[in-house]
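Quick one: the structure is below, and I'll ask about it shortly.
When the chains are written out, they are named A, B and C in that same order, and each has its own residue count from 1.
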Amino acid sequence: MEHGLRLITTDATPALELARTLEALLVVASQPLPVEELAAAAEADPSQVEEALEILGQRFSEGKSGIVLEHVAGGYAFRASAAASAACARLFEKPAEKGLSQAALETLAIIAYLGPVSRPEIARIRGVNVDGVVAGLVERGLIAEGGRDNEFGAVRYRTTPLFERIFGLESLAALPRVDDLGSDVAEIRGRLEAVAEKRPA
Amino acid sequence: MPVAVRELELDLDAFEGPFDLLLSLVLREELPLSEVDLAEIVVAFVERLAERGELDLDACGEFLILISALLELKARQMFPEEDAELAELEPEEAAEELARRLAEYRRAKEAAGFLRDRLEERRDLHFRLGPAPLAPQPERKLAPQAPEKLAAALRALAVEPPAPSVAHMALRFPPVSQFLDRWRALLRRRSRFDFDQEVDGLSRVEVAVAFLALLELRKQNEIAIAQAAPFAPIRISRADAERSLSWNTVSA
Amino acid sequence: MEHGLRLITTDATPALELARTLEALLVVASQPLPVEELAAAAEADPSQVEEALEILGQRFSEGKSGIVLEHVAGGYAFRASAAASAACARLFEKPAEKGLSQAALETLAIIAYLGPVSRPEIARIRGVNVDGVVAGLVERGLIAEGGRDNEFGAVRYRTTPLFERIFGLESLAALPRVDDLGSDVAEIRGRLEAVAEKRPA
């Protein structure tokens, strides 16, 4: 009899139980948590965790709550709702992303797409010395050292999970292909030649 | 009123002020040209021209002369070896190479544009940086330890310190230049070598001077020095190898 | 008419709106937030904020949610529910450290073999300041205060049962013998102090 009762009370709400556990984990975490990490901490199946995250995603969404669940940087994390952005801005700074210059964005782009990549390689593409810009990005926590060129040589840089979080990327694979964005070598070359032809001999 | 090229106000990453001042700083070598984005200067000038609404040929001429001189100077400074590389190419190939580099930079610019848009979209979104106020404090755990370690630590504390040595007073220091020559000769034959192997059999002082010579070569940008971990072999390589890059594969 | 409508829609939910804003602020904060700070950020009266916190406190409470609103010394903050404490502990669990630093090992050895000893005595034998190392060993539970030095009144430290467990000792009597250093504690101590005096300052 007692056993039966216990079965009823626990079996009636395992999904709810799990959702609450995930809420608790997400509210104390300092980084986005991947499904596997949530599953290990909650001692649940990843598939159950995904179902529970679905429920939480509906409850913690824009327009329904001040707390919003987002899938970002390879995991799940809470953020403040966009509706509360003015109040948040009055209380909190956004130091990592404030005043990112064009130079910083280009350098970040090169590291995000080509990384890990060394400073000389970035300088070669941008055509200017990038030491200062790279140091600034390291200080902001948007990039970090990630190994060295071959076994010898220059330090190589990669973007951090904070970068993915700030730019709202589920992972680096979510970056659009730049070949699709722009024109290719042939087109640029064609234009160079067109200019050259117009030039008086 | 004509556009005064030299009074053109610039607001660059590396410099803020009139073009004239930039020129004199560069010529006095107080501002490295490698830090200056010349394209920004061109943009600033074109914007100034556009504000006026009519073509000022004198200003354009003066600007072209100045900016092309700066461009040439910068190219020579930045790619001394590559200049030679490009000069060896046929005009066709050189154009191809130039187009390739321009395309690569253009991709970087486009990707930066995407990031800028993303930043704009997420400008209003806030999340917590750092730990939660009432997050649990993790406990530091320690794996089982061998009790012999304690006895060893105690014995180490009971070892008498060595008597002060005066041996170094009689040491003779070989000149650094001797090792500079030696390393340069070695690097002409081989692109990389292992420091420890090359100094095997030398005295401690000689090894130290040999190492000083390496630091000097590193300062001159002739070599790269690498060591996988403290006390691991020190590897020296010529500072010229270049990795190939691809915009298509993204590493996670 | 339009004005009337707007009044209805906004007036119907100011408390709810405010509660959501507070949720957002609390989920972003890395420190407890006092009522006044919440009120300033949300541009609301402190009394309204207190009412809204009341509502939030009911919603985010033990048994109802994995996120719990807590009133602590510095203000209000979210924490994980007690029900999820085991899962949180698993999330924050660090892998066991393989070994101790040489400084920690020497300090532990002195305390284990000679203890209880005071910090000045350990410092004299090791020839360096040991305040940081001792504090670290206390924090890790490997040593604890064990009475005071009669002469100087300095706190003396002894090893703990956790220390004995980690080093696989049934008691301190099971420490490996160091007869080569001396036949009893007084002799060993004398030897160590004599060596310490010979060390260059």
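Heads up, the rule we're going with is that contacts are C-beta pairs under 8 Å (C-beta built on N, C-alpha and C of every residue); 3 or more make two chains touch, one makes a residue touch a chain.
From a predicted model like this one, the values you see are computed outputs, not experimental measurements.
Work out the mean Cα position per chain and let me know which chain is farthest from chain A.
Looking at centroid distances, C is the chain farthest away.
Pick the chain whose C-alpha centre of mass, unweighted, sits closest to the average of all protein C-alpha coordinates shown.
That would be A.
From the C-alpha centre of chain A to that of chain B, how far is it in Å?
It comes to 26 Å between the two C-alpha centres.
Per the centroid of Cα atoms for each chain, what is the distance between chain A and chain C, given in Å?
Measuring from centre to centre gives 30 Å for this pair.
Would you kindly tell me how far, in whole Å, the mean C-alpha position of chain C lies from that of chain B?
Comparing mean C-alpha positions, chain C is 41 Å from chain B.
Which positions in chain A are in touch with at least two other chains?
Each of 27-29, 78-80, 84, 88, 92 in chain A touches at least two other chains.
Listing for chain B: what residues touch at least two other chains?
Those would be 126-132, 134-136.
Of all residues in chain C, which touch chain B in the complex?
Touching chain B: residues 24, 27-32, 70, 72, 77-80, 85, 88-89, 92-100, 102, 105-106, 108-110, 112-113, 125-126, 139-140, 142, 166-169, 174-178, 180-181, 188, 191-192, 195-196, 198-200 of chain C.
What residues of chain B sit close enough to touch chain C in their complex?
My answer: residues 126-151, 153-161, 164.
Please name which positions on chain C make contact with chain A in the complex.
Per the touch definition, chain C meets chain A at residues 19-25, 27-29, 33, 37, 40-43, 65-67, 78-81, 83-84, 87-88, 90-92.
Under the definition above, what is the set of chain B residues touching chain A in their complex?
Per the touch definition, chain B meets chain A at residues 13-14, 32, 34-37, 78, 95-96, 98-112, 114-116, 118-119, 121-122, 124-132, 134-136, 192, 224-226, 228, 235-237, 239, 241-243, 245-248, 250-252.
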